[in-house]
Amino acid sequence: MALAAPPYPALFLHDAVALSGRFPLLAGVDLEVDTGETVLVEGPNGAGKTSLLRVCAGLVPATSGQVAVFGLDPVRQRNQVRRRVGLLSHASHLYDDLTVRENVRFAVRAAGADSRRIDGACERLGLSGRLLKTTASKLSAGQRRRVALSVLVARWPELWLLDEPHAGLDASARAVLNQVIAEASASGVTVVIASHETDFVEALATRAITVTGGRVTGGRTIAPLAVADRAPEGPSGPIRVGDDSPSGEVAHVA
Amino acid sequence: MWHDTILVAGKDLRIEARSRVALSQVAPFGIVALVLFAFALGPDRSLMAKGAPGLFWVAVLFCTVLAIQRSVSVESVDGARDGLRLSGLDPAGLFLGKSAAVAAQLVVLEVVLGLGVVLLYGANVEVPWLIIASCLLGTIGLAATGTLYGALSAGLRVRETLLPFLLLPIAAPVLLAGTRIWQAAMAGGTPADGSQWLRLLVIFDAVYVALGVVVYGPIQESA
Amino acid sequence: MSSNQTVSTTADRSPLVQSNRARWTVRIIGCTAAVATAFTVWLGLWVTPPDQVQGNLVRLVYIHPGVAWVALYLAFGLAAVSSLLYLWPRTRSLFWDRLAASAVEVGVVFNVCTLISGSIWGRPTWGVWWAWDARLTSTAVLLVLFLGYLALRRVPAEPDVRAKRSAFVAIFASVDVPIVHFSVLWWKTLHQGATVLNPNLSPTIHGSMAWTLLLGFVALTLVFVWMLLVRYRVGVLEDFLGTGELDLALLERQAEGVALDEGDVAVATGVANASDAPLQPGAVDELALPEGAR
């Protein structure tokens, strides 16, 4: 497989192996994701989806093979890579003793993003008023995920890595999440989502890959839905989550 | 780097202000330690006054261990450490910020303990500026080495028992120097000795702060 | 591009079979060490005369400075240098990590011998088993620092994570030792000044005693080298127990994708958090060596 050349793809992995002790999390991954693509990552539990995202974020070094994010090495050039990448993982990286607003403010400023975007992002995700002043220890799982998401929205990095973002969310939180992902997709951000919620994500993704046994073992292109079926953008009002969604629910943003 | 330092220090201090662990748990522990020392040394007042410098610094060392444990455990909830790595914060800034926050808490603790020592042991201070200088310089050294070792033992399940074992021998020069300086500052001591030991503290601080700035990044990545 | 060293399994299989040359080198060093030590014992206990002042107690001089020099400078110095070499990206190799760990372990043994032999010497000479002077205190602190190093190495972790962590601790400990030494030196010192390298550079020890002292140094250095080599070999064998399985583990992992029978796959979903301690690779038998290794 040829080495990546400029203009660099968002993600380029070639025979990437990542170890945790003696256990191979990734056992030789080949993947190329162009800038602006939205990719769905499918696969059974324990297949390596989370590890793949963590390797792309630079949290786990690749023991062998090549990994390049925007042409940069996520381990050797980690500072440059990390400012351009956002990872939404199972953990929300919140400090229990700080309020929602303080948490978001710290995370955004630590990532070097503009702190003026914080208020807008929080409002977008329905974090306002009393919720902003609540300490993080009192939040539910869905609210924590929303806080983490608001950091992502405020930062708006070039590459979004979302690890099962829908897990554990209630209906309204899901709706907000879907909306945000749709907007990011449409705005040219590269989005990689590891999810079991294939129905919704397929509506946005151009491509799906299957990860099993620590490798990419399958891929398919997804025919883009007609524009009318896409989720409309906007911070309020009812949302329709795709016409072919099995639940066909109409959710209101909180 | 300095921007990140202030950001991280502010975050840690805000967490401390909110949770008040140093004030409501570590400080009373220090006082308890002082009381226990008094029981151990018996009712001889002059013995306690003589031992006051050393006992103060031992109590400070114990409090340092607790403060560092707290500083590390703040990051271990909800994967906050990963969050710090992902944010692209300058590791040198992260190190300096966390050390600064710990140092600030230690200074407050030292004021409490110092008052305790003066009141409980009848220590007679003649040259106060030496005391203050030793506390400030000693604090910097303790905070720097503590933050370094805290990071080294961060992800480990045995952190609670391993950290004191690793940290206290390294902090021995601070204990030695601090004790000697306090002794020099007491009635009957020679202040000139004190300045000699201050120089040692400065070297210790410089070495470990420099080491920390350089080495904190790689340590973080390997955890 | 991250093109790190490939995970090599063939290269790591060969250490299981030690080359003839290596085996014989270790044996020769061991024999020479044994002979030199025996010679030193003979000279020290029978041939050399007792001291005018200290009597037969002076015979400890043939061992005590020797073990001290090995522990403080040879062993821990080697550990510090190896740790630096491990951390330096261009010379990074687990060889330096294993060397440092072996050096520290042997060094700790010699350190304990230093303290014990010194204590035995001190009791009749100074009247106390222990005194808080510069040398003794810094030697004791050094012991504790490197015991901490060994404690840290026992914590289960991936080889390079453990290597990096230990390397940092070794360096911090080495940096601390001169500081501790000089700070304690400002206390009143009970320990005698240097016998050979004193400020006047005229040794206070002569004749057969001087030669025996020198032989003692040489013998103990040889013993150290031999113990280091043996311990290093043990370390290699320990590490090898893990690397040989990587091929097998990779195959098993990839087979998960083919089998797709999730009931069989023993890997828990906990694999999602790589920052946890290393996981048990489920179906991999730890003790089974792959065929090519035999």
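Which chain is which? They are A, B and C, in the order written, and residues in each are numbered from 1.
Methods note: a contact is a pair of C-beta atoms (placed from the backbone, for glycine too) under 8 Å apart; a residue touches a chain by one contact, two chains touch by 3 or more.
Bear in mind that the values here come from a model prediction, so they are computed numbers and not experimental data.
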Chain at maximum distance from chain A, centres defined as averaged CA atoms: C
For the chain pairs A-C and B-C, which is connected through the larger number of C-beta pairs in contact? A-C
So, in whole Å, the Cα centroid of chain A is separated from that of chain B by 40
How many Å are there between the centre of chain B and the centre of chain C, using C-alpha atoms for each centre? 31
Could you put a whole-Å number on the gap between the CA centroids of chain A and chain C? 47
Which residues belonging to chain C are in contact with no fewer than two other chains? 157, 273, 275, 277
Among the residues of chain A, pick out those that touch two or more other chains and give their numbers. 59, 75
Going by the touch rule set out above, which residues of chain B reach two or more other chains? 79, 82
Footprint of chain B on chain A - complex, ascending: 57-59, 75, 78-79, 82-83, 85, 87, 89, 91-98, 102, 106-107, 109-112, 135, 144
Can you list the residues on chain C that touch chain B in the complex? 87, 141, 144-145, 147-148, 151-152, 155, 157, 160-161, 164-165, 168-169, 171-173, 175-176, 179-180, 182-184, 186, 273, 275, 277
Within their complex, state which residues of chain B touch chain C. 79, 81-82, 145, 148-149, 152-153, 155-158, 162, 165-166, 169-170, 172-173, 176-177, 180, 196-197, 200, 203-204, 207, 211, 215, 218-219, 222-223
Contacts from chain C onto chain A in the complex sit at residues 1-7, 157-158, 242-243, 245-246, 249-250, 253-258, 260, 262, 265, 267-269, 271-279, 281, 284
Contact footprint of chain A on chain B as seen in their complex: 4, 7-8, 11, 14-15, 18-19, 74, 77-80, 82-90, 221
